[in-house]
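Please read the structure below before turning to the comments.
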């Protein structure tokens, strides 16, 4: 049997330019950094990217000019600053985008995960978010309607079914049974809505470990096409129970991303300048720095 | 602060006749036996009962003549036999009922849990289940419609929002944070769809225990109105990890339930003849029998 | 259940039970890497046999929220704790039936039936006796969902005239209703694909969607089959014999999968 | 942030920061047993203060899937692992925002705002400078959902003319849009109920849904308030002073809830 455990470069080679990829990161947590860096190195262009609440991973892709269309529910790098590349792209209209909310993004993925082509919601009404969707790039994905039973006014959302979802998980077995620790935002719905699902795991465990805590299996193996085994794969963002965010590097990133020139330098130094994720981790301080960021057992950070 | 931990008789006194109650049991597992016995002792009449897949608990209520309307997705007592009282009531048209499927019941509860008044589904189409719902008691709860985005044909289901959901859980803390071990069928959706939620817990644990496995909290405390602490509360049905089903008693029940007379004798002997659930457990063999049924740690039965 | 003629194997003469032929036939319908929803009994036996032989990466789902269980003891039902043992995932209907079956990733559904008609419509809701009196039984549970949404449906049941009527008393789970295609019926799933009985393996004609004979179990005569079927069967020129279980399949069934003979009498 | 006049307590003269008055005012808006969705910063500080004083059974939800966390260290964001510590439940958006907020069981939502107008409409999406050039910021995340669905909304923000314009540059989260009732807007949630700033506590007129002054923080003049507001404020005859935090509230805020003064400068 062919193993599902693959290298990030091998997996990214299988992603066609123009794909709709969904990313499981949120602001400064569990971002798909190793995957996004490789997408940039391999210059996968014309991507449609969707993410519940955008973070560093999507900001990198947008800054690198690989994103043609963005579907999101808002986002930032929390206290470290805004997603400068994304905000700049919106100001310069250098790509098209659909701006939703956390719950409407979650519902769009939920519909996709359930095999429903649409789902109703009571958010968005009376807001300019809805007006902009109706008159802009989202016009084909939202529709006002009434409940056939109660007559109540709803917004109907079209299901969101990414070509490929990339989700960071804490542990996975070799078949792709995955478990996530801590809050999961829309990870489950986003993963199960996708046509292809690729996970990036901090640790590969024997199936016997999965069988010991089967109620924690958020993603079952039969849905997973490939597993990327990459410890510290989300650095500089945090992974609860594994490692804290690298505050110094996040500040450095926000400083660079303030200008296109600064961002280009950042890419040169940390992405194009790194052979792979291990090489990148060395640039951040290697094993010594990772040891500092390693999570304490009880606190989880 | 008033404690949420209450006796089953106190809780049942708070249920008005004519209420819509949902039961979390399934066939021969985690049935709300202690609750159902008390509903019978207190003769709570004209009930609407809903359950994903009916089991012994609903069969008892129907046999006792307390059910005016039944909403279900099918069911039996597995290898032990059919739900004789429910099947007899359907044959005699002694109550009204809506017959769905596992998934359509789950979706009706899901819509209720999400605060959606309707949800689409691709089951039921081209079946006589749908025809009977459309022409019978379910006519106001199903409607054929098309997806506004794809034009695909769907059945729209009206949300199911029970007045009270009763769910068996393995552990709960004094605030009502609940954790369930093993398969959960539609427990979560049914619990969160209800206006009032009452749980029957095998064990009360300190909140610190809940905080150790917060990803296992299927029902959060703020949704729970009352907690009934009743070890072996589901006997003779099984509770994974706690105890096995009492096969002897299930056979005895099926034997009795074959005729109205036999069922009346059963009620007299085991329900009306028992002061409370402890007294009932004595009739089944008391602590010695319960020790035999107690689950083995690894197997869970 | 009918017992087939004993067959010669080397020097030994062994009796092979119809249920064992059914289990082996069912197993051969499953391909490696597929995702299936199974009920208990022969469907589960067949899926375990497939996993132990040619389909090690078969994924089995139980509607209540159990994936890939490895029961050590025989469960009496889907929610019998014995069905949970060594599973890789415990969840619920919403995950298994919603995010997998309704999502469209289930390759095959393995169903039993009280009645099945010439178009593969299944009844598990009620029976009518000669006088027309109705007796209700279990109903759908996940049956209608699986029949509506799985890419293909495999039915395993005993071959009796009363269980295979021209038209079922109640269409609980739709096949090719009225001979219509699944598209015409607005159903996503591919519909019934195989019927495995204790006498034969049958399929459905791609044109008129009617039940057709694929193979007869050794020792079963065509006339016997027709006599036990409540509607005219499409019969091809040549009817091959259903392959008997191999020695290894028999060993697995008898020694490892169902040593107690709970389902393989 | 403006520092209020020092006030006499016994013989001691203590300076109380506006942020401390805001936190205490926010805490008083929360009742025991309520379920609230909070963001980080002052809203969280206020909710912790309420729980430590009059509302021990307050339930706090974070949209990402965290219930009742008890952070030991100050988180920088909702998904900072520091926000997960000692929570009673870890789930996700679907549970917190779907099965609680959208289900209608959230009593209050605590929001910040980039801009808020006279009808309580909130903008967190973009800013327009004098030349009309647009600069984008964070967007909604859960803000629009909370504003649409929570039974009532409490906003905490700094009181500046540019942040309180006659009309916001973009209605991210609807209040009483165009002065309409929530029913007219087809919104389930009750809408904005309180605005707590570093100068005053304000509410909304039940008739015309416009912002009205409820109380002025000690040391703040009405003219000063008007001068820092971008639209005409409804002002009652009598404007009471916002109650200062009690000694116990101050002790909790300074010694236990935010000793580092991260949010209470």
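As written, the chains take the letters A, B, C and D, and residue 1 is the first residue of each chain.
In the analysis below, a residue touches a chain if its C-beta (ideal position, glycine included) is under 8 Å from a C-beta of that chain, and two chains touch if they have at least 3 such contacts.
Remember, it's a predicted structure, so these values are computed and weren't measured experimentally.
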- Centroid spacing, where centroids are CA-atom means, of subunit C and subunit D in whole angstrom: 60
- Where the centres are mean C-alpha positions, what is the separation of subunit A from subunit B, in Å? 39
- Note on the structure: dist(centroid_CA(subunit B), centroid_CA(subunit C)) in Å evaluates to 29
- Item | Contacts with two or more other chains, residues of subunit B listed in rising order | 115-116, 121-122, 152, 181-182, 215
- Residues of subunit D touching at least two other chains: 90-91, 98, 102, 149, 188
- Task: Report the topology of the inter-chain touch graph, choosing from line, ring, star, complete and other.
- Result: other
- Item | Which chain pairs touch, all of them | A-B, A-C, A-D, B-C, B-D
- Item | Contact footprint of subunit B on subunit A as seen in their complex | 115-122, 140-141, 143, 145, 147-150, 152, 156, 158, 181-182, 215-216
- So in the complex, which bits of subunit C are touching subunit B? 62-66, 72-73, 76-85, 90-94, 97-98, 101-102, 124-125, 134-145, 148-149, 170-174, 177, 185-188
- Query: What residues of subunit A sit close enough to touch subunit D in their complex?
  - Reply: 26-30, 52-53, 72-76, 78-80, 82, 86-87, 90-91, 99-104, 106-107, 110, 121-129, 152-153, 181-189, 238, 240-241, 244-245, 295, 299-301
- Spell out the part of subunit D that touches subunit B in their complex, as residue ranges. 35, 56-57, 59, 67, 86-91, 98-100, 102-105, 149, 188
- subunit B residues within the subunit D interface of the complex: 1, 113-116, 173, 175, 177, 192, 207, 210-211, 214-215, 217, 220-223
